[in-house]
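So, here's a batch of structures to check.
Both of the next two complexes hold subunit A, though its partner changes from subunit B to subunit C.
Showing the complex of A and B:
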């Protein structure tokens, strides 16, 4: 226990170890937050991106904070639903069963660039005759532009960009831009101020009702941005953390512990068992690790737990077994083992109580140092398209980005965000592991 | 202890006593044999994994039936039979063909047969992929992709080995200098694999700066002139090589520098210093020489790790090598190619292990003199 406390104190002397520990603690806190804030089933549902989950998000939008580095501020997405209290909606009876519904969306636009797209999503109830919608766009300087005149079905959508009449009315400029341009000006900067979209809807039946949602698709979104399926990357970035940590830790722990036990048992009993383990290690050395994982992923299952199991199985008989064997062979000859034998300790007691504990100091740095290898392995498999089919992980985000040409189209945020997180995770464990190695390995001390 | 490190590989017979050469030969032969057995077992396990769900067999049976159907439909021999008889006839033919190919034999017998086919890369035709020359033979597809992989990994590994040794020696000489501390500080960055740095390099040098190509092996269309072709190849080699180097260089220099430092504090080095030998001589004879076996073992592990990462690195850089073939085969579910690529990866790993063993035998006096264990 004292030795442990001493090594902890030693650890404090290495700035990289402290940085590593701080990072790891942050990761653990974020992981717990992710699992509490977005439960497992919810994360999977969100990532599956069914219809109606992400329709309010723009496609492939960089995160909102990129505006800090831009002169021309890009708009963020906005959505207003007439079912909300904040959107004024009045229904007036004008006789003969006719009703006039007026919905007014008012919003403040304080960006220089234009939205990607705007859309109105209608939900209406009627039996025979569809409600008729006419929409009016009111700019900050009071101009009124007629936008839409059409009937709205029970579940219909009006995209501003697809309205060719509106485009003609705006002088051939794309509606999403033309509606925001200041009058009589050559500049290509959006007019800031309070805009209004007023829908006047006629319904023709007494029990007919209508609601409409106005969505303005921005060019930036949230703190993480969105991908090609409008998914908010923050889900994957948050959930990637516990997945990466769990995979890395479990694989590293499983591999190291099993390697250690097998090596100890082999060395202790010697003979054919030792020989067998040695030969097995050599065979394992020529087994192509990643191709076999790829084969397993292709033929059997892509579940992260299956892959984890195969990874551990293939990593047990690594070159590490030889390193441990060399140490165990030395320890085996020490007097205290002789003493244990003479007082009649059983074989297994000697292995687990006297042999294995001696190797722990060598083992801990190794354990910490190989965690990143497995974290990256999971990402590698995802980049090869063999990631877990349902879980959102960092590797899958990188894969999506690569496959959809993010690098060629300049959507660097898409690749860089998960990559930076992967890098930080890897670095944190590697820095801690290297410092631990120096503390537990006296030969390296001061080198 | 000998000093003639560089003369041994070229003319081992003339300079060395015959006994040493014989021992080397014996060691090599024994190693080759044991590696061959190892590869056979390795491939057997691979096949077992690939065939465990009966995948390979199911596909071969389906292939047989399809072939017979095509044969029957292209002629009109069976036209006058009733539909039922026709089906029965086709079934009989298929069963006969299965028997001919040994598919009716027990699982283990079949697996061993398939293994011997896989060992000779005699895997028949690919299901969907084809080589650049248009052939669908698995062996041709794989052999065609072998050269690019060897170019990429050969070039980067030689650079890596030479670079690491030179830098590590330099650092151990200037222990504690600024550069030394920088490298030690950067060593943890080697926890990320090459493809990962590749992504950043592509973003920076291909995406933003537009200096180097995004990927591929040569420009499209390939330059007709040999010299231009070579230049274009070099240009495309830069980023993947740098990516591999970034993922290993710092760690290997850090490790090797530490080996050098540990060995340079030995008594015999002090002794040599006291004798007044030049620092160059001390480095070559007393530091580099005894650390070489350790360094080669370390390098072997790095190499094996790099081989393993080939599929993904080549995919990220669009390098038309074996790894990418494997990746494409996964995408197309082309099982013969997947099995074939896996087998050839096993071969390459074995060859790597063998070459390193051989070099190890050359530099390790225990093997040459014949004392101590030959293995490991």
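Showing the complex of A and C:
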């Protein structure tokens, strides 16, 4: 305990260690937040969902904060639902079973560029006759533009851009742009101010009802942007963190601990067991690691847990066994081991209480430094198309970006976001690991 | 009260014709002979008796000691401790055998695991011997540590070996050897790595413990000058066998075996008269233990060797004086 406290105090002296610890703590906090805010099943549901869930998001939109670096501000997505309290909705009986429903969406538009698209999603209940919708677009300077005149089915959608009549009315300009252009202006800049979209809906049956959702698809979205399936990347980036940390930590811990124990057992008992472990290690050293993983992924299972298990299995008999063996051979001959035997310590007690504690100082920095290796491995596998088919991971975001030509289309955010997170992970553990190495192996300090 | 009256000379350890040979291998499997580290050693050790085993480096002292500690398996010969034959002991009996013998090592720093505190170090034998109660363990640690004069005990409990001086480390080693209340202590050059100023204190401590607990002690050393502090008898070992056995006084005053004489002559005392003189040392080097010389193993270096006898036949133990044995043809009764 004292030794532990001392090493913690020593760590404080290395700025890189402090930075590494801060980063790792942030990662852990974010991971916990991700797991609490978006439970596992929910994350998977969101990540595997189609447009049914993500219909409100624009396709391949960069994150909203990119506006900070732009002169012309790109619009963010907005959505208004008449089922919400904030959207005024009035229903008036006008006799003969007819009802007039008025829904008014009011929003403040303070961007210079135009939305990608606008749409109205209707949900109506009727038995014979569909409700009839007429919509009026009111600009900040008071102009009123008729937008839509059509009946709305039980679940129908009206896309502004597909309304060719509206396009003609606007003088051949795409509706999503024309509705925001100031009158008689040459510049291609949207008018800022308060816009209104007023729906006047006639229902023809007494128990008929209607609700409508107005979605304005922006050009930027959220803090992480969206991908080609309208999915919010923040889900994958957030959930990628616990997945990456868990994979890295489990793989590093599993391999290091098992390598250490196997090496200690082999060295202590010696003889044929040691020979077997050594020969096995030598064979394993020449086996190609990645191709085996790819084969497992292709023919057996791409589950992250299977890949983790195979990774650990293949990494146990690594060169580290030889490195640890060299240390153990030395420790084995020390007088305190002889003393332990003389007072009757059992073989296993000697291995676990006398041999292994001796190399813990060498092991801890190594363990910390090796974590990012496995995080990167998981990402590499995902890029090779062998990522877990269910879980959202950073590697899969990169893979999606690559497959969909993100870089050719200038969607840098799509590649950079997961890459930066991967790099930060590597950096944090490397900085901590190198500092730990200096503390536990003071001879390196002078170098 | 049931006081068991002990016989003054109850034999604790009895060794008969003990041999420890290490097999030499060629290419990892072929047989290439034996290193005869211990070759035909016999002696008895009484309860409460102290003996010193003296000899050059490489004469087999350590192999003999490790065999007594059951760390080596003897090639042949018998070792009976407290009436039990070591060869018959297995599992728990072997552990009990080991609990009965304490081990004090040469290098006190190396003998203590550097990652354990003094308390953990002393607790280990207790845990292994099955003392489950934590408080009892602590009590015994306290008791033993005060016996070896590590005062105040509580200051030392949480210390790591590197925080202690050489003398203190050696006291911890002794405490560890004593903590299971052994019948016998095997001390392998316990003071050779200590400062001269601390040596006598450690030897006196061992002596005091020996007297208090009526311990048998096998004191292994190459330094004859420390022997007189301590042991009642001296065994002189040469090339794997004991060449002379006698009471300390008698052996130091009147060494019989030529090797003993040479060894005694070579022992330095800090004396101004010695500054300018060089000691007589036996010529040559200790023999190979793989192919020891035929006959008496000392004969190639012996000034008094009898040609035709010493280089032909191995001498047996002769007893020119009562209780004083020498394996040398010079003392062959007429």
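Going forward, the second predicted complex is superposed on the first by the 445 of 447 C-alpha atoms of A that agree within 3 Å, B and C clash if a C-alpha of one lies under 4 Å from a C-alpha of the other, contacts with A are read in each partner's own complex, and residues count from 1 in each chain.
Everything that follows uses one rule, which is that a contact is a pair of C-beta atoms (placed from the backbone, for glycine too) under 8 Å apart; a residue touches a chain by one contact, two chains touch by 3 or more.
The structure presented is a predicted model; accordingly, all values stated were derived computationally and were not measured.
Placing subunit B and subunit C on a common subunit A by superposition gives a fit, with no clash between them.
Contacts of A:383 after superposition: subunit B is touched, whereas subunit C is not reached. Between the Cα centres of subunit B and subunit C, as seen from that of subunit A, there is an angle of 60°, stated in steps of 10. Look at A:159: by the touch rule set out above, it reaches neither subunit B nor subunit C.
Of the two partner chains, neither subunit B nor subunit C is touched by A:223. Contacts of A:341 after superposition on the shared chain: subunit C is touched, whereas subunit B is not. Using the contact criterion defined above for the overlaid structures, shared-chain residue A:353 touches subunit C, although it does not reach subunit B. When both complexes are overlaid on chain A, the residue A:427 reaches subunit B alone and has no touch with subunit C. By the touch criterion defined above, A:305 lies against neither subunit B nor subunit C after alignment on the C-alpha atoms of chain A. In the superposed model, B is the one of subunit B and subunit C that contacts more residues of subunit A. No C-alpha atom of subunit B lies closer than 11 Å to one of subunit C in the superposed arrangement. In the superposition on the C-alpha atoms of chain A, no part of subunit A is touched by subunit B in one complex and by subunit C in the other. By the touch criterion given at the top, residues 16, 279, 282-283, 285-292, 294-300, 319, 322, 369, 372-373, 376, 379-380, 383-386, 398, 402, 407-408, 410, 412, 415-416, 419, 422-423, 426-427, 429-431, 433-434, 443-444, 447 of subunit A touch subunit B in their complex. Put simply, subunit A touches subunit C in their complex at residues 2-3, 334-336, 338-346, 349, 353-354, 357-358, 360. Subunit C meets subunit A in the complex at residues 66, 69-71, 94-95, 98-99, 101, 103, 105-107, 110-116, 124-125, 128-129, 158, 160, 173, 176, 180. Within the complex, the subunit B residues that touch subunit A are 34-35, 38-39, 41-42, 45-46, 49-50, 52-53, 55, 175, 185, 187-193, 195-196, 199-200, 202-203, 206-207, 214, 258, 261-262, 301, 304, 307-312, 315-316, 326-327, 330-331, 333, 338-339, 341-342, 345-346, 349-350, 353, 376.
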